[in-house]
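Got some structures for you, see below.
Two complexes are shown next, each including chain A; its partner changes from chain B in the first to chain C in the second.
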Partner chain A sequence: MLAGGGLRGDEVFGEIPGRNTVVVADKVAINAVLAGCRPDYFPVVVAAVKALCHPDFAYHGPASSTGGSAIVLVVNGPIRHRVGLNAGNNLFGQGTRANATIGRAVRLTMMNVMQTRPGFFDRATLGNPGKYSFCFAENEEESPWPPLHVERGCRPEESAVTVYASNSLYQVYNQLAATPEPLLRCFADALSNLGLPNVKGFNQALLVFAGEHSEVLAKSGWSRREVAAFLIEHARRPLADFKRATRLPGEPTASDETTVRALFERPEDVLIVSAGGRAGSWSACLPGWGNKWTKAVTAVIEEGSA
Partner chain B sequence: MTKIFDPTAAPVARAVALAARPVELRGLRLGLVENTKFNSDTLLLKLADRLRERHGITMTHMARKRSPSHEVDERAIAALKERSDVVVSGIGD
Partner chain C sequence: MLDAILLEQHGVPAVAIVTDVFRATGETMAMSWGLAGYPFLDTPHPIANLRDKDLDARADRLVEPVVALLTR
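For the complex of A and B:
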């Protein structure tokens, strides 16, 4: 496994502040073997683990919280094809070794090396099935937009993995929308429900647009930024809604009925990916942990070492 | 011969110098570390009130973390050391 990544066993990938945890290559490799990875998957696992150690990810919060986040891995670039990552039908489900085992290797490393064991430094109230494994590739070839990793500063010929903490996945349905506005209203509604963990307005979200929805957006010519801007404009609610649901303290006043709170601040806080099957009117919304408490991190996968 | 690989790694032991515990609280300066969760500051300020009433300790400084996920940064630690004798780090929600 180490040879698959072109690595020495004693190479240090990073540290988790506050846990006295140093992440070393040999331990990650053992966990990748346990997960069932092929050696050529290992560079993806390594890049993901390094991204988890990045200060911007602020590992301790999303890994330990009662919110029970899954660590979602979005893979871009040529390595997707080389290792056979699924970017199409049932990409969040069973059936593809690379998706299943790369995500599993990262979770096992979190548990066995980063001390993120249930009941110890993992205090999830419910957890979610994505905590077993959550890895998929973007369908760059059929996407209306440049690949996610290019959007986030990598070169198209590079491979990269984006790590992102999400406490759930829900599918968003719309079979009739032929233009972006009605379609995206469904997403804006999904992103602004009253049970959202963060009502302070600094959310982050990952949206995965699949075949038919991707096609609607491609035909419209809307850029990622335009999609994100529409969502930010519509993912908002009157303060009175939050107060009636006691998500904010106090009784709703008359002005609270007309004073709206936006739940997202910046277009870059809405990560947009194209992936999934061609047929069907489904896409997915994965709410995140907020742009101030953790940030998605994109790390280049060192393919040359594989 | 079978070789067994251990997938686990223990935390790295590091020496930590603990501050001397005060014998008497009266007259000391209290620092607070607020983690930015809902009601964290409210809870800590109430606690500071109680400490003042019961032990004559005065709140002199409150540090705010960048977020609940992040550690207290070095600058905030320096300010706490300079402006307080004892520190309470709390959580709200």
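For the complex of A and C:
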């Protein structure tokens, strides 16, 4: 497994400072073997683990929280095809070894190397099935937009993985929309429900547009930024809504009925990916872990001597 | 918990208080810093939805043990 990544066993990938924990290559390799990875998958696992150790990800919060986040791994670049990662039908489901085992290797590394065990440093109230494994590739070839990793500063010929903490996944349905506005209203509504964790600060969201919806957006010519700007404009609610639901303290005042609170602030905080099957009017909304202190991190996948 | 451990490493007396359901997590944090058995306090869970007077009552009950730990 180490040879698959062109690595020595004693190489340090990073640390989790709040836990006094250093992450070393041989321990990650052991967990990749346990997960059932092929050696050529290992560079993806390594890049994901390094991203988890990046200060911007702020590991302890999303990994420990009662919110029970899955660590979502979005893979871009040529390695997708070399290792056979699924970017199409049944995107989040079973059936593809690379998707299943890369995500599993990362979770096992979290448990066994980064001390993230349920009931101790993993305080998930419910967790979610994505905590077993959550890895997929972007369908760059049929996407309306440049690949996610290019949007986030990598070169197209590089491979990269973006790690992102999300405590849920819901599918968003719309079969009739032929233009972006009605389609995206469904997403804006999904992103602004009263049970969302992030009503007190701006965090991130990940949207995965599958074939039919991607095609609607492609035909419109809307850029990623235009899609994000529309969602930010419409993912907002009056303060009074939040107060009536005790998501914010205090009784609603007359001005609270007309004062709106946006759930997202910057277009780059709405991560947009094209992936999933061509058939079906489904896409997905993955709200970020409920705190603005963690950010998605994109790490280049170094294939070493593999 | 981590804040208390780090403050004490810098010579500042500190006391961590967790709600009771987080005792195992507090103990895990202490162990990860080589401090198994590190003393800390707890209060019944939850606290976020308490009225002010109930929260004050919880704080009142913690004053004495907090002082005891700070001056140990």
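One rule holds in what follows: the second predicted complex is superposed on the first by the 301 of 306 C-alpha atoms of A that agree within 3 Å, B and C clash if a C-alpha of one lies under 4 Å from a C-alpha of the other, contacts with A are read in each partner's own complex, and residues count from 1 in each chain.
In this section, a contact is a pair of C-beta atoms (placed from the backbone, for glycine too) under 8 Å apart; a residue touches a chain by one contact, two chains touch by 3 or more.
Quantities reported herein were computed from a predicted structural model and do not represent experimental measurements.
Of the two partner chains placed by the overlay, only chain B lies in contact with A:I30; chain C stays clear of it. Of the two partner chains, chain B is the only one touched by A:G61; chain C is not. After overlaying the two complexes on the shared chain, residue contacts for A:G18 are found with chain B and with chain C alike.
Of the two partner chains placed by superposition, only chain C is touched by A:G119; chain B is not. Counting contacts by the rule stated earlier, residues 18-21, 115 of chain A appear in both its interface with chain B and its interface with chain C.
Taken together, the chain A residues at the contact with chain B in this complex read 17-24, 27, 30-31, 33-34, 58-62, 108, 112-113, 115, 289-290, 292-294. Listed in rising order, the residues of chain C touching chain A in the complex are 2, 22, 24-25, 28-29, 32-34. Residues of chain A that touch chain C in their complex: 18-21, 64, 115, 119-121, 123. Taken together, the chain B residues at the contact with chain A in this complex read 5-9, 11-14, 66-71.
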